[in-house]
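So that you can tell them apart, the chains are marked A, B and C in the order they are listed, and the count of residues begins at 1 in each.
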């Protein structure tokens, strides 16, 4: 019996890995075909990518970027876990980072406290912005997909309005508009390496990942959340207050989304300006899909994503089109979605027939052996 | 392998019943015949020709069609659209298709209206559409997977008339059922499957239900009847003046439950009979706190829980075996041990102070699996991979594991084989001896009569009649279920006459 | 499940380990200078003048100022024999991406390296420090470093002049301004233009409209948005439309061409002479010129001649870095109008008039 369990576990692991591997391989093949079709040699390109992507400064770059993507991925994954499509991580983190930057620049507090306040403001703003979508869903039945997309646009407008000289920002000499710089006490530590500085926020991301895993798999709340995600009706019958769960999950997702802008804000730019990175929320969706909403999977997805961006960024230098990055990423997401569904169905069918077989084997051990021998 | 040495021969123009316990391999056999799964060895011969069925499309091409237990219809499409969906090439989607449907419907007495939206149809109508879908695709052999599980006695009769019609037109029907009386009444031949192999082929005229059941289980059967009363006079659940109205899809405010009141005492099983859709599901959900009634009170063990959340009610000691276990009682893609936590996440041994205790939950799942004879290779398989009966045993085991004061059991043995059925009955009886109150809702009148201490009949959202299970007959109950009789059902003929006036006064 | 965790932990720690190990390994700069022989040598012919160019989003082919810079580069290629390497920014970039792009170029031996657009300011400040022996230039922004030349333009001056023209040509006294994206750079155009209009015809009104808000930059590249905005203005009785909106302006010009008596004013290059607009060129009254190409070419030239100036080089009316075009005969022959514009121009050159650079909000 024990041996049997292990076998199923092993197979589950294998099936779990099958989908992303399948997806990445498919993406590579399609990319190779695209490169071939455009008259370029694909293996040279892959070679350049690998070579460049593994350099020390590339690694730091990848880790730094992956930190951001990971947080975005976890924010999205939390929603996904209960069947909520938080498309609005993008708007949430931008609002959060903007207000955190504004507040952070006004404060003069001792180091840790200063950083803590900034991070808290970001999480609160993110949660609030996402919470609007949650409330609309439970009170008015508005699909969170629609409302979060709209909230993204609203966030853009709100920030554009406030981020202008004379309001909450100022015009600097270089022609950029930015909030005031956060004083030194609000800067998070960077780790100096030969490849550049590694953002200290990576540790926060790791903690978020662990908290995500523990919270979902080891707490009542997490169980309720997964139940609501697995089956609305079963959740209702089992006593989960589904409406409250929707709001709570959106708030949490938004709070994590609020952290997305923090590595950039606390470790690099120390202010919110016109060139504050955008669109990370959407990357987060891809990364969450790629990582199957699993904290480790999302980490791998985030690293892969950052690697692709880093490595393809250099492809242009080597004479390839930089759009290859988009092709690879697009194909991966498509392939992942398809591969997961295929593997999931295959796994379920396989398990069903396996259970049947084992039950039959238990029932008539002697006879069955003769027959199947 | 789930099946080995299956030998079955079905003659054309007959209704051939296939009976066996859950997990005996009926579904696997059907999947093989319908091309959804491939056999490791052995052959299938259709009309004297050896065939290999790789996909359902192959099976359909050979004239084999399947009516699944769970209907596969799109609610928001009309009957016509549902039928032609995926078979547009046969007769198009317009007038020709409509004519073809009419023709089939008339030929077999299916009485199908092509332009009605499926969401407005009842279960029996939906089933007829499923049958029509299969016939429309040219099937000459129909496989029906537990078709009567969802029907009331009158509907079952209508279905059997349809099947006889099909048979007389030369079609072949393979019929899977647990209800042995039905099998005996409609089948021309019966094959019994036990543990993956065919153990007997019998002629329905030569066996009775009990013999058939014993063939299925391979041993002597327990009886569902117990008559020693354990009813006390301590009220456990009191429902008073419950009223619930809801807006139906047509936008009309409809009263679903009206002035419902009853009391279940410790050690009492209250059975509620009724044709499905007369408010039983809503009643259960109102007691569980899943629906908010307009008014009325629910009192459990002296405490008013009318405003309590579902979770609070569960913690207060309500065990719940829902009607639709896939929708309400299981996380199909989660492992068994997580399903064991479902609904009781706040209780020991599943968690303590908000933190789950997976190790304890797993241990307790092992215990339930052993005690309730859940046939599974382990507690890490998904709930979806268990057969219906074993899923149900797990659910009953789980609900009984938290010492409930009240068990709400809606169709607890639906789709469950005789062996498991007997076990579930035993569990309910035993708990009742220990002072449990049970609200039993069932479409199986024998089960209701056999288990209940008190019977009530529900019709159009009201409790219209009551009966003493020791004297009432299924026929009497049946007529009350259709609204033909009201009041106390002791002396059927006379009572029906007495209550006729009452009916008119209380009428809608 | 547990095993997945373990496995992934190994993978993760592996990748982290690699990063820390790499502290004593190679970086992409050291690697690419050694290993990029094939890529760099491709352009390293001739006199050894290797120019690196980092475009803003859109890159070559954006019909706007990236293209204008590209024209300057192309001239440098043909007249000075420079070999070039062009990279462009992608969407959703951080400063780290831009830093890496500049480093790629400088690291591979390109000198000078020219960054197009203010968004490179932050990253250039970092890279300029790391490559003190490489000369850098940035267009539309200022970076304070000894090896950086800031190429900035007085867009408000040229906009002021076309504002004068607009005020003189408008019959309805209603004038429209279409900005691509609401950023300070484009605000400069609006401010100068509005001042020019008001100075000429105090009764005229200027209606500004921006096609997108930052960080959304689609306003620079959406002719459909430009067309819709212009159409809306025309419907309100506006009869002169100035579009400082990259290729979105093409849409605006198209809309104006559909209404007789209305004028459009182009931007950056002389749009009357652009092939893409040949069909509608009759309605292009004039264009506010911003000669990025000239600036780029001059910069490369001065580098080659060792006469390079670092610090800020301002391209204004006086130096001919900005101006207005007279290629539309209908405009050039209107001597009364031209005379008034020339008067305004002289006033600016003489310092008597200083057009504002920011819009009052």
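Here, contacts are C-beta pairs under 8 Å (C-beta built on N, C-alpha and C of every residue); 3 or more make two chains touch, one makes a residue touch a chain.
Here the structure is a predicted model, which is why all the values come from computation and not from measurement.
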### Task
Chains touching chain B and chain C alike, please list them.
A
### Query
Based on the averaged CA atom positions, which chain is farthest from chain A?
B
## Note on the structure
Distance between the CA centroids of chain B and chain C (whole Å) is 71
### Message
Suppose each chain is reduced to the average of its Cα coordinates; what separation in Å results between chain A and chain B?
### Response
43
## Note on the structure
Chain centres from averaged Cα atoms put chain A and chain C apart, in whole Å, by 34
### Task
Could you list which residues of chain C touch at least two other chains?
none
### Message
Give me the residue numbers in chain A that touch at least two other chains, ranges are fine.
### Response
9
## Note on the structure
chain C contacts chain A in the complex at 1, 3-5, 7-9, 11-12, 15-16, 18-20, 22-29, 31-32, 35-36, 39, 42, 85, 87-88, 90-97, 100-101, 104-105, 108, 118-119, 121-122, 140-144, 182-185, 213-216, 358, 361
#### Entry: Contact set on chain A toward chain B in their complex
1, 4-5, 8-9, 217-224, 226-227, 230-231, 233-234, 236-241, 348, 351-360, 362-364, 367-368, 371-372
### Message
Please output the residues of chain B touching chain A within their complex, sorted ascending.
### Response
1-5, 23, 25, 28, 37, 40, 195-197, 288-290, 309-315, 320, 322, 324, 327-334, 338, 341-346, 351, 354-356, 358, 375-378, 380-382, 384-386
## Note on the structure
Per the touch rule, the chain A residues reaching chain C in their complex are 9-10, 12-13, 16, 51-52, 54-61, 63-65, 94, 156-157, 159-160, 163-167, 171, 173-177, 193-195, 198, 264, 268-269, 274-280, 283, 294, 296-297, 299-300, 303, 309-310, 313-314, 316-319, 322, 325
